[in-house]
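Note that the chains take the letters A, B, C, D, E and F in the order they are written out, and that residue 1 is the start of every chain.
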């Protein structure tokens, strides 16, 4: 099995595990997650900015605050919306301008995630 | 071996590894850790607030600052003090109000930790 | 005018300005704030933990993440719920244990805020 | 003098003060700032994403990391590129989804800044 | 009165206010501050690294975590230990490498503080 | 195979993986990385402070902002410059003073990294 296939499986497993963990937490506190879910929907739907741009912003913030599960989550969402690698990498650039070294290393993890989850 | 048993073993191993790493650092710099240990004791003992409430605060802060080892450490302490799952989850709620998405994914990791370390 | 009266007026003005700024933002994006408001309500109402404890957690997180407007906002809320100075200060202690120097200086600002807003 | 005029003057003064402070630091360490300036230029110029989108990302990150001078700086830049209030507010929404309460209060400061600096 | 004199007075007042606020908090919770004070002393005294180097590290961290009161506090301490402007500015450079834009604007505030508090 | 040998291999693998990930990102956006590389070089070369001191500052900041890849990266660089364990541990002390519990657990990971990567 090539290293790229292994990496893809692992990233896919990681994002599935995030879904399961969030699902388990949501079940214990449904009202909080109901409200949070509505917040996410209101924020992310296309308006003055399109949903793709918003997901790229979410990726850039995730890198800036060094949140790996957030990177996985929002990268998957960005891919579903058809974000290109060039758009994705330019968003990482903004995170690097505003975050320096930590955004370089988390940005590098992000690109690895983008490539692994894009391979379908 | 069920996935829940595996997860428990892994979380238990992770928290043991934290103890060992902190022990190794403390040995190299005993005065700093002596003072830090006294700080922890003064802060955490029951006073106007009970120790259980304080450990839940420590968990909520750990989630808010996205520190996984802190989550493991303070979740174990909270369990030892008899925190219930309902109290624990409501503390995660406060972290979510004040932290949004990153607190959702770290809060979800926290609940997984709480469940795994509670199974004894 | 004594310095304590001046300080009280200034903190009161600051928290009023926060309300006005949030109000202005909420008006531009009512659905997002509707959902966020529901999230806050679901999180903060008494459940397994009482509302006072939750506001103290919110203060401790605010100090930990170095958010001065958050400190003002949640300190006012904690005072309304009848939090004592001793309870408040012990919450700052937890933030100091988990945040070191930055939590010392923001905690010191928090106590100043608590005293100024408590003087009614 | 109306409060809105006062606010505009004050925000304009604040952003001028940022320029002066950065200028003073840049003069002491020109090679570092030469390289940083090139980084900013490479990141921010239109490519797969346009410069306006990138400045909005920079605003959203600035709010997420609670950096008021960054908010002032990138809001001025976004206005110069012709960002609309609706686009700006939707970017704040993404920061709120990923930052909760602290992004609400810093987002509210950001909108105040956008309005004050847009009034020319 | 020249702007530089005004600035010096203001920074001096700000650092005095920090002392007063920390003093007020310390009085309410003397054991916590006793332990924290011992931690600071153990950390900061000359050992394998000299105290001046450690204060410069404290400044670099303060800039990196965007804590203005910390910058004031540790800049005053660094000046007392005889740090030169060149050493100070190079420490800010490290913070910029590891923090990007937010470290630029906080670093610029730090240099202003260094200059104002050095003028005695 | 002893646990210390395993740990060394794993840390070495982790830092190699960082290099590969950064390399992959740099290839997609060479101008941004060209500028960032020049920034790093300008910052890190010996001037008023020597390069060893600067790498220790980078380690202390990495711990303070809870960036594990940064810790690995700058710890390797510090070891190459001949940093002693005593100097390294004292730098962690500064991070603990300014970061509390999260710096304790990340500092403990840092020391483990220092030991593992020093074993050649």
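As a working rule, contacts are C-beta pairs under 8 Å (C-beta built on N, C-alpha and C of every residue); 3 or more make two chains touch, one makes a residue touch a chain.
All values derive from a computational prediction rather than experimental measurement.
Novice: Name the pair in D-F, A-D or E-F that forms the same interface as B-E; by residue number, over half of the contact pairs must coincide.
Specialist: D-F
Novice: So, comparing C-alpha centroids, which chain is the farthest one from chain D?
Specialist: Between chain D and every other chain, the largest centroid distance is to B.
Novice: Tell me whether chain A and chain B, two copies of the same sequence, contact each other through the same residue numbers or different ones, using over half shared as the line for same.
Specialist: different
Novice: Of the chain pairs C-D and C-F, which one is connected by the greater count of C-beta contacts?
Specialist: More contacting C-beta pairs are found at C-D.
Novice: Centroid of chain B to centroid of chain D, CA atoms only: how many Å?
Specialist: Chain B and chain D have C-alpha centres separated by 36 Å.
Novice: Compute the distance, rounded to whole Å, between the mean C-alpha positions of chain B and chain F.
Specialist: Centres of chain B and chain F (C-alpha means) sit 26 Å apart.
Novice: Would you mind pulling out the distance in Å between where the CA atoms of chain A average out and where those of chain C do?
Specialist: 31
Novice: Return the residues of chain C touching two or more other chains; collapse runs of consecutive numbers into ranges.
Specialist: 29, 32, 36, 39, 42-43, 58, 62, 65-66, 70, 89-90, 93, 96-99, 101-102
Novice: Residue numbers of chain B touching chain F in their complex, please.
Specialist: Against chain F, the touching part of chain B is residues 18, 21-22, 24-25, 28-29, 32, 36, 58, 62, 65-67, 69-70, 73.
Novice: Tell me, which parts of chain B touch chain C in their complex?
Specialist: 39-40, 42-44, 47-49, 53-54, 56-58, 60-62, 64-65, 70, 84, 86-87, 89-91, 93-99
Novice: What part of chain C is in contact with chain E in the complex they form?
Specialist: Going through chain C, the ones touching chain E are 66, 85, 89-90, 92-93, 96, 101-102, 104-109, 111-112, 115.
Novice: Residues of chain F touching chain C in their complex?
Specialist: On the chain F side, the touching residues are 96-103.
Novice: In the complex of these two chains, what residues of chain B are touching chain E?
Specialist: Per the touch definition, chain B meets chain E at residues 29, 31-32, 34-36, 38-39, 41-43.
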